[in-house]
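Right, I'll just put the structure down here and ask away after.
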C-alpha cells in the first residue's frame, strides 16, 4: 500500500487539529431526514462520514429520522445511527432541534415537505427530481429564494456532480481546456426492467414517480450535462416509449393502484425509455438517452463532451476515471488519456486515500453533505439550487411535450 | 507466433488445391474501376488480394482503371497494378473485355455511370452512398432489377458489413442470441473538420457530395444498424448543423465553386453533423449521430444493440473485437465479454491468420470482393443490393426532411 | 438511479430488524487501535461503518485510540470518532474495557504489541506484513494458537482478500471454474519513488520497515496469489534492486537515522523493487513484481490466473470489476468478460447498493471488520490467520535469500 | 469514411509518380522463398503488397517458391502468385535469376540454407529464431558479415519491430520521452496447448523446433524488449516447464519421431512455458513470460516500459494502439493515453489509410519487405541483422542454462 510519510502526516494532522482544542467546539448541524429506504441509507452514510473525513465548519448530527411505519423507522434509526424517530414529517419539521430537513421520499411528496420545512425556517436538501411537476418546482424555488433572504439554504440532490471525476471535468471545461463546445453525448443505461415479469413498483406509476426513466435517469443526465457544459439547453426533440405496458403487481402491495387487472397485473403508466436530441444555447448539439432496458448495462451514466480544443468522457461504471483528449497536442502523441481521479489535487481527494485507492458511489453523498455544510455555514447559495432543479424540470417537461407532439423541436421555457 | 501444424497445413493446402490442376482454369472476372483516389486504392487492394486468400470461383483481374487525368491515372495503374488505363468512363463501359464496373467516384456521378454500365451488360459495384438523390437511386435500383433478370448483379459498397466482427454480430442476432430488440445506439465520430482552417474540399459542397456527415458517415451507420437489427427503420426525427459555414479554398482548386468570397474562402453547403432518433418497425428505438467534430475520435463507428436476451457492441477503432453480453447467464458471472474475432469459425477468418492475429480496415474490401465474386459466379443477388442502397437513401431523405421541418417525426417512404 | 422497490425494501428491513427490539441488545466489541495515520484512518472507517451496513452479532465500539503524541492522538480521536485516548500502547493493552487490539503501526512494533495483547487476553487484528522477521512472526503465530485455545482470535490485515471482486475470484476458483492451474501472474505497481528527490521516509529504512516494496507490496500479492490459487508457493527465484540509494531527509525529521550525510541526505536501506518467479505446490508457475517505480501506475495490483478450464484477471485500479474467460465455451463466442462485481449475489454486496453502484478502497476495511466480528462472535479462526501471515513472511524471506544468492531457486520453509 | 481531399490527393499522386514515366524502370528484386505454410503465406502477402503501397527503389518480384512436395508447392505458387516452383532449396539458391532468398522453414534448416544462399551471393531474409543453436547463429552471423562486405545484406524476421505502434514506441524512447529506464515487463501469451489432446506437432519436438515457447515466443519478446529499450540484457534467471509431457501424434504423421508410445502418443521434448527475470546493462529490471497455456489469451504480446519521465505499453491484440504516460505532466491531468497509431506522421502510416482506419498483423510483413528493399537498394546493414539474431540466441541460451542450473543468475555472453 502506498503511504505518505506517516510521521509527516501525524505532524500535519496534529497541527491542523491543534487549534480546535483551544477554540470553542464546532456548532452542530442537526439533520432530520424523511424517508429511509435506498436514498435514506445513502444520505445517512453521507451525514455520518462527512465530518470524519473533511474539516467542516459545522458538525453534522443525525438527529431524527422520519417514516410512517414506526417499527421500520426505528429499525432504520438503529441501523443508520439516527438519534430519534418521527412517524409524521410534519412533527419533524416542527421540531426546534432540527436545523436541516433532508427529503428522501418519492417525488410526489417533495413539494409539500420542502415548502413546510422552508416555512419552518429549516435548511433543506431535497432528492432529485425536485418535484413531479413544473408548477410544484416553481413554488419550491420561490420559497427557496424567500428563505435564502432569511439565511436558509436549499439544495437539490444531483449527487453525480460530486463524483471527483465529474467535478474535475467541470473544472477543466471552465478552464477552457476543451474550448468551444460542439457536441455533448449523454446516456444513462440500466437494465432492471428487461424482464417483463419484474413487478410493478411505485417507480412505474405516474402518480407517485411523476415519470419513468425520464425523471429518474433523465433528470440526472440533463443536470449533469448542463453543469459540465456550463450552459443550458435551448430546446429538445424527443421520443419516449413504454415497451412493457402491463406488469405483475408486487406481492401483497395492492394499495391504491387504479388499473389492476384480474390476473394480478397493473398498468405501467410511465415511460420505459426516453431519447432526445437538443441544442445548447451556444449552438452545440446534444443527444440524451435514458433507459432501463439496456441489457448488461447496470449503471452506465456516460457523458462525452467534444470541443474545439479537446474532449472529455466519463462513465459512472468506472467512476474513478476521466478520459481526456487534449486536441492541442501534436497528433503523433495525442490520444484519450485515462486520468485516475485519485490525486490529492483532484476535487475532494485531499481528504481521502493515496493515489490509486478509489472511491465508490456512496462518496458522492459524503461530498454532497460536505458542500452543503459549507454553504449553510457560509450563507452561500448552494449548487445545485432549487432554481437549478426547476430548470431541469422544465427540460423534462419540454421532452414530454415534444414526445407528445410527434417529436417536434420544443424550446425550453426560460 | 502461434502456428497450426505446418505439415498438416501443407497437406490440407495441397489437397484443396490439387483438383485445380486437373480442372480447367478458373475463368477470370475482368474488373474496370472508375476513380483512383482513396477508395480506388482500397478497392485495388481488395481485388488484388481476394483471390490470393480465398478459394474463389472466378479469378479477379485488374483489367482497367479510369480517370480523367491521363498522367495521374497512369500513375495509379502502375501503383495499384491495373493493366490498362482509360480517361473516359464511357470508353471503359464500352469495352468488351470488362465484366464488372467498380464505381469509386464522388456521389454525383454514381447514377450516370452505373446506369450506363448496367445497360452495357456489366456487373456493377458502386461505392456508397448509392446516389445523391432518392430519384437517382430509384432509377439505379430499377436498372439493377432489370439487369438481374439478364444475369447481371449490382452491389453497393457498404463495406462495414464485412468486418468479421460485424458479420459475427449479424449472425448472432439472426440466431436469436439477443432476443427481442429494444435499443440500437449508433454513432460515427470523426474529427477532421474541427479546425476551422481545414479547406473547403469537394466533400463540403452539396453539388458534388450530396450531403456532408449525413451521406458520408450517416449512410454507413443507417445501413449497418438495419443490417445488424435485421429490420428497417420506420421513421426518424432529426437535427442537423453546420458549425463552420465558411472555409478557405484548397490551394489552386477554384474550379466551379459558386460562392467564392473575396478572401479565398467559400461556403460550406453541407451538414457538419447529423443527429437523429428513430423507431424500427418492431418498435425498438434507435439513436444515430454522425459528425466530423468529435475531437479525438478518428473513425469511431460504434453500434450497440440491446435485446431482451442480450446485447452486442462494436467499435470500428477496435475492429477485431465484438462485445457480447449474454443476458441469460446467472448475474453472478455475467458481463460484457470481449470476443477477439479472429477464430477460424468466425466469418471470413478460416482463410486468414491464426487466432489473435488481427485484420485491418482494408480487409473489408477483400471480403467485399470475395462476396461479390461469389454472387457473380452463382448468379445470386448480392447484399447489399441497389434496393438496399435506395432504402438507405430514403432514410437519409427522411432525416433531411425532418431536420427541415423542425425535427418532426418523419416516416420512411416504403 | 436504480432502486429496488422501496416499499419492499422497507418491509424487508423492518422484518430483519424487528426481532432486535424484542431481543436483548447486541453485545459490544470494544476496539482499541494503536496508530492513527493512513492505516488508522482506514481502520476507523471500517469499524465505524461495518455495523451500519451489515447485520453483525456484536456492535463494534471505537473505544480507544493510542499514539505517542498526546495532541495528535487526541486530534485523531476527535476526527475519527474514538472515545478515549492513550499515549502508551501498554496502557491500552492493560485496559479491562478493551476486547480487541487493532495494530496499525509500522512493522517493527507488531510483534511486541501483538504478543502483549494476546497475553492480556485480547483479540488482535494486526496490519500486514505480520512482522519484520520470520522469527517474530513465528512467536506471534505460537501466541495466536495458544490464545485461540483460550477463545481469542488473531487476524492479519490482508485487506485485499476482501475486495468483492477478489472474493468472487476465490469462490470461482474453489468451484473449479478455471480448472487445473497453470499460471499465476501478479504485479503490484506504484510510482511514488520515481522522483529521486522524494524524501527518505521511515518506509525506506530497514530498521523500521523491515523491507521496501517487498514487505509493503510483495506481502499483499504473495498472500493474494496463494489465497486465490488455493495453494502455496513451493519455491522462488528473485531479483531485488534499489535504484536510488540516497535520498534527502524529510524536513525536520532527523530522528535516529544512522547514515546521515553532510548534505541532509540518508541511505535508502530497503529494496525499491522486487521481481520473483516461483512454483506452486501443484506445479503451476508464478511471476511476481513489486515496485514503486512504475511511472503512471498508482495502485495497480494486478493478478491473472490461467487454468485448464478458464482464466481470471483483476486490477485494483478497477476494483469493481473481475475479468473472466470461460474456456469451456465455444470459441466463436468466448472472450474475457468484464463482470461488474456489484450484484446482490456477489460477496459482501447484498448489504450495499444496487447493481452498478461501485464500492471503493476503504470498503475492504469495512468487510475486514465485518468478517472479524463474525469470527470473534462465533469463535472461528479468522482468515487470514497469523499462521497465514507467517507463511507469507517465509515466502518473503525466501525471496530475500534467493536475491542474495544470485537468484538461485530457494524452497519455502514449511 | 474520412477522406483527404481527393483532388489534392490526385495531384499529389500524379506529381509523385510523374518522374517515373521519364526515368528508367525501377530494377526488380527477384525473391525466392523457401517454405510455404503459415509464414510463407504471410511473407507472400508482404512481397506482393509492399510495392503497391510504398514508393520503393526496387520492385519486388515473386520469382520462385520452394517446397519438397511438388504438388503442394505448385498449389502454393498458384495461390500466392509465385512465378516458378522449386522442390530443392539447393536448386533455388543456385539460380541466377534470384536476388534474395527468403527462408520460412522450421529453425533446424535455417543455418544450412542461409549459409548456402549467402555463399551464392544472395541477399537473405531469415525467419526467427535465427537458428536452433548459438553455434549455428554464430556461423550465420560471420557469413552475413562477410557477405555484407560484398554488398549482400542479411536480415532476421523479427516482424514485431514493424508494427507502427512498436516503431513509434522505439522512436519515443530514442527521443528520451520516458527517460532513464527502470522496468521492462514483457509477456507473450497464447493458449493453443491448453488442451492436452492437442497433437504433437513439429513445434513440440526439440530436434526440429530447437525449443518451445522460448524459441517461438520468447525470441520475439527478447528482441522486441531490447529493441525498444535501446539496450541489451546483461543476465537472466529462468524457470521453464513442460506441463503436458505426452501428447497424441498427429493423424498419419509418424515420420521420424523417436519416442512413440504404444498408444499413438509421443514425448513433448520442448518447454511449454518459460519465465525469466533479468537486468539490462543500464541496471533496469526486466521480466519475461512466454507461454502457450494462458487460457483465453490468443496472441497477447504485451510490453510495458517504465522510465523516470514516462511509460509506454503495447499489446499485440490491440496492435493499432500505444499507451503512453507522460510523467512530466501535472498529476491533475496525467494518465495513460491511448494513441491510435494511425496518423500520417506515425511510422509507415503516410502510405496507408486515413486516421482511425487500422492495420492488421500481416502489415508487419509488408513493412518488413519495404525496409529490406530499402536496405538492399542502399547497401545499408538491415535491422535486425544476423548479429542481432545471434545476440537474441545468446539470451535464449542463457535462459536455458539458468533453467538447468536451478535458476541461478546467468550472464549473457557478449
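Chains here go by letter, A, B, C and D, matching the order in which they are written, and residues are numbered from 1 within each.
Operating definition for what follows: a contact is a pair of C-beta atoms (placed from the backbone, for glycine too) under 8 Å apart; a residue touches a chain by one contact, two chains touch by 3 or more.
Per UniProt, the chains are A, B, C, D = Gfo/Idh/MocA family oxidoreductase.
What you are looking at is a predicted structure, and each value in this text was computed from that prediction instead of being measured.
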| item | value |
| --- | --- |
| Taking each chain's C-alpha mean as its centre, the one farthest from chain B | C |
| Distance from chain C to chain A - Cα centre to Cα centre, in angstrom | 33 |
| Distance from chain B to chain A - Cα centre to Cα centre, in angstrom | 43 |
| Gap in Å, rounded to a whole number, between the CA centres of chain D and chain A | 54 |
| Overlap residues in chain A, where contacts from two or more other chains coincide | 297, 325, 334-336, 340, 355 |
| Chain contact topology (line, ring, star, complete or other) | complete |
| Residue numbers on chain C that touch chain D, as the complex places them | 178, 182-183, 185, 187, 189, 191, 194, 237-239, 241, 243, 273, 275-279, 283, 285, 287, 289, 291, 293-297, 304, 306-311, 325, 327, 334-336, 402, 406-409 |
| Contact set on chain D toward chain B in their complex | 1-11, 13-14, 16-18, 20-21, 36-39, 42, 44-45, 48-49, 52, 67, 69, 71-72, 74-76, 78-81, 106, 190, 192, 199, 201-203, 216-217, 220, 250, 253, 292, 297-300, 316-320, 340, 342, 353-363 |
| Chain A - residues contacting chain D, complex | 168, 172, 324-326, 330-340, 343, 345-346, 355 |
